[in-house]
Amino acid sequence: MSKTLTRRTILKVASGGLAASFAMPAILRAQGAYPDRPINIVVPFDTGGYNDRLARAFAPFLQEKLGQPLTIINRGGAGALLGHTFFLQQPDDGYTLLCTSAAPYLPLNILTQDAAFKLEDFYMVNLPSQDYTLMATSAGSDIQTVDDVISRLKADPGSLSVGLQPASADLVNFSILCAANEIDTNAVRVVTYDGGGPARNAVAGGVVDVGLVGGEGFLPLAEQIRPLMTFDTRKRDNWDGAIVTDVLGADADFVVGSQRGWGLHGSMQTSNPEVFQTLVSAIEAASKDPAAIEGLKNQQLATDWYGPEESNQMLARTAKVMEQYIDLLKGN
Amino acid sequence: MIELDSVYGAFTLLSSDGNAWLYLLPGLLIGLVFGAMPGISITMAMAFALPATLYMDFLPAIIFLTAIYTGAGFGGSVPAVLMGIPGTSSAVATTFDGYPMARKGLHSEALGIALASSVIGCLASYAMLFVLIVPISGVVLKLGPLEMFAVAVWGMLLLGSLAGAHISRGILAGTFGVLLGTIGMNTAGFVRGTVGIPWLLDGVPQIPAMMGLLAASQLIGLINTTYLIEDESSRKISFAKILGGVRQCFRYPTIIFRGSLIGVIIGAIPGVGSSISNLLSYSETKRNAPDGDTFGEGNPKGVIAAEAANSSSEGGAMATMLALGIPGGGATAILLAAFAMHNIVGGPSFIAHNKDIVYAIMFSNFAQAILLFFVGLGFVYVAGYVVRVPLRFLIPSVLVVSTFGAYAIEGSSAGPITLWVFSVLGWGMVRYGYPVAAAVVGLLLGGLLEGNLLRTNQISGGDFIGYGLERPWALVIFALMIGSILLQIVSKRRRAKEAFLSTGSSS
Amino acid sequence: MSNRSGRTVVWGHLILLTVIVGVVVAYLLDARGVSLRTNNLLLVQPAAILALVLAAFILPSIFPRVEATEEVETKEEVETKVETRGDLFRIFILIAALAGLAFSLEVVGFDVATFAFMVIGLAVCGEKRWWVIILFSALFTVFLIYGYGTITPFPFPLTIL
């Protein structure tokens, strides 16, 4: 073992240990102009989830553009309601950003949890991650295609157990599929899981016969599952199996999955237009930074730039569809 | 199952970058300090260090993070022994006997025992990983709700042994805990008992509630006492006694082995982990010990059982993470994120193609465990001075620290308020002979119990027995459980004949 | 303690059991109010009923017969008996101070709330020298806020510091 202890190494160790969270921004700008102090990113979920990983992975690139360190604040709980409320309570001065699963959680907070805010209180700068429901079964299962699932459920709705999360886009999609095939959803053995992770594990392990869960999270388990159907109008992530329009026709009704990304206070557009513009440009620049795209792609995180206009429209559209299925979302 | 080529590769990997080892010590220290602060979880400590690892190479980054993992795992045991504060749910069972030992003046021994069992448990778990990583990954995903329900019921058996002098009060405390543990949104989406408070949607915050029930309630009752340890001469901190505790630990290889095995297996199950394994190990050890009645009054075996299991859960969690690429809890989720930062994706293909890295991680964890022993000795020695602080300073200080810790978990007053409610409840319960530990166990297991009972019902369409017969693993767990209870009844009868009336107002 | 037909009442225990039973009943009613489906009540309802049955078994021990009182007191109320009324009063002050701390942290700031609690706490726990109380409270408050502040991902609301 060659032990060459240089001073740099020691310094690196020391700084790694002591000042871990204060990674230095590459560009330090003059004081006075925004931003002149560290900026907080509120993640309304606990550490380790998709949004947390997205925020942590994207932060170094964004802080390079903004010239101030970014601090991530996890405010998990109550289906992101606590984090969203906390975010709105912070001043709209551009020192608090939001990284969240805007859909389905913002509409869910509003529709089912009597949240004290409206969709317009949030302004989504970019929603790079567009998840979708994937119906899958365990790799060793005797179910080969989505048609197998439909024909078995038609013959006997109780013949298959179906794993999903309550009050989710996946549940709505499953109900739509059942309704289109005249299957009594209430007679199906629906098994509810507390999160996407446990539901996917149950699918991969063959604990449930089929599962409907967000598709991006299935990627690490790709070898243990068999994809049956993607609830989107195009193929996603190279999954085999059908897409929703194959099964339900070209004008198929379905709900998109989580739409995750970056948000600001809606009120900032009028109260702090300059800061608002700086932030939007910085997020855009960071999203288009080749190093960021490369870095996030390797972590299976999205950086695609859709822009504020499209992002907010997508969110509003999802909220509208979810409103139609409010009864399903309210209770199982 | 050990491939020599990969082992050789691992050694090459570890020796090629000598600087990687430099991160071992700071990692352990950060872990120890963070872990010893009530309310600061292993996950938080690792998330804190994650940005720094971005600028490291892969191996140093992983060594640094797993060192924090190991350090924080033991750090939580220090306040558990010295003040009865379970800073994390994995140290709950450590408080049952560790704290009474400290009160008796055996704090040095207790800390030595905790340290040695943690180190051995950690070593054992990584050693088992060598052999078990492939079979574990095959089984873990197949565990369904009935198996998980069986594990939860197994944990509930602990209630029987925690009940103390008044069986009905013990079971009431446990049932009450279970009910409180199901408050909020259940797995099927129904919201109960939140009385309009949004943060109760996720249930009663567990760690503040535990700190209140186990620690704050005790402290309030100690207002008339001058020192944690009444006898002045016992208040010394001595290396000899800490080492004595370390030696004591070696006298119970069975307990350590059982604890490590339980730790690895339970730790490997996603979403369960060390918070349950320490309870199961404690419960099994107590049931099998001839002096089971003295558990809860400062029996060193209880500390060994708890610590061996909670530290070995790390190995189990790592097995699931490496073999399947899925995080069992927050800590492994952070590790996976660190993997990803270096363009490495966990999962079956990772193990197949990178055996050398897997072995390198195991070897570096052996080194961590051994280094933890020495660092831990120093840490424990310093921390032990707490017992020399007069209680009139210690009580308010610890209450404030617990309050800060409770706040630090979610960053809102929800934690401190929960802490207060449960410390008052706990104080009343201790006063009238209700075992607070039973309520804590119920609280910890309530959600697991309900969620999996519900899913079993959903998946089987109500036909529990028919479904159960299709699940051999569940049958095995239930059979083991029933056997264990029968054994306990037999040995209890025997003991009852021998022992004469002893007041067992343990808590 | 009052006497009535040869029985006494352990008031503290009565209060505790009332609280437990009250919470259980309220919870059961609330859960039943949400939905009567199995997916909601499968565990909660039987557990709540079990708790109520157990509470009924415990009830008699709250009203021990006088002749049994001796034994009960020596056996299970040891801690109660060592406490004088004064001690109990101090415990209640400590509990009240802790409540004050928990509920006011975010309102008056961590620095003020912590300092105030430390002062009350030290005084209640028996420290007599006022300058020690002030000095220790101040130092400990500063130490905690900066110590915990650096490792906690959340900012502590502060007023003075």
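Here the chain labels run A, B and C in written order, and each chain numbers its own residues starting at 1.
Just so it is clear, a contact is a pair of C-beta atoms (placed from the backbone, for glycine too) under 8 Å apart; a residue touches a chain by one contact, two chains touch by 3 or more.
If you're wondering where the values come from, they're calculated on a predicted model, not measured in any experiment.
At the centre of the protein atoms shown, by the Cα-centroid criterion, sits B.
Of all chains, the one whose mean C-alpha position sits at the greatest distance from that of chain A is C. Chain A and chain B have Cα centroids lying 31 Å from one another. Averaged C-alpha coordinates put the centre of chain A at 41 Å from the centre of chain C. Centre-to-centre separation of chain B and chain C, using mean CA positions: 25 Å. Contact of a single residue of chain C with at least two other chains is seen at positions 35, 39, 153-154. Residue positions of chain B with contacts to 2 or more other chains are 44, 47-48, 188, 190, 411-412, 454, 458. Counting partner chains per residue, chain A has residues 73-74, 192, 331-332 touching two or more of them. Across the interface of their complex, chain A is touched by residues 15, 18-19, 21-23, 26-27, 29-30, 43-44, 47-56, 64, 140-145, 185, 187-190, 198-199, 201-202, 270-271, 324-327, 330, 333-334, 336-337, 340-341, 343, 345-349, 410-412, 451, 454-455, 458-459, 461 of chain B.
Per the touch definition, chain C reaches chain B in the complex via residues 10, 12-13, 15-16, 19-20, 23-24, 26-27, 30-31, 34-35, 37-40, 42-44, 47-48, 50-51, 54-55, 57-58, 61, 75-76, 78-80, 82-83, 87, 90-91, 94-95, 98-99, 101-103, 105-106, 110, 114, 117-118, 120-122, 124-127, 136, 140, 144, 148, 151-154, 156. Chain B contributes residues 34, 37, 40, 44-45, 47-48, 165-166, 168-169, 171-172, 175-176, 178-180, 182-183, 186, 188, 190-193, 195, 216, 220-221, 223-224, 226, 391-393, 395-397, 399-401, 403-405, 407-408, 411-413, 416-417, 419-420, 423-425, 427-434, 449-450, 453-454, 457-458, 503, 505 to its touches with chain C in the complex. Chain contact summary for the complex, chain A toward chain B: residues 1-5, 9-10, 12-17, 19-21, 23, 46-49, 53, 56-57, 59-60, 73-79, 81-82, 85-86, 113, 158, 161, 166-167, 189-194, 197-198, 200-202, 204-208, 220-221, 223-224, 295, 298-300, 331-332.
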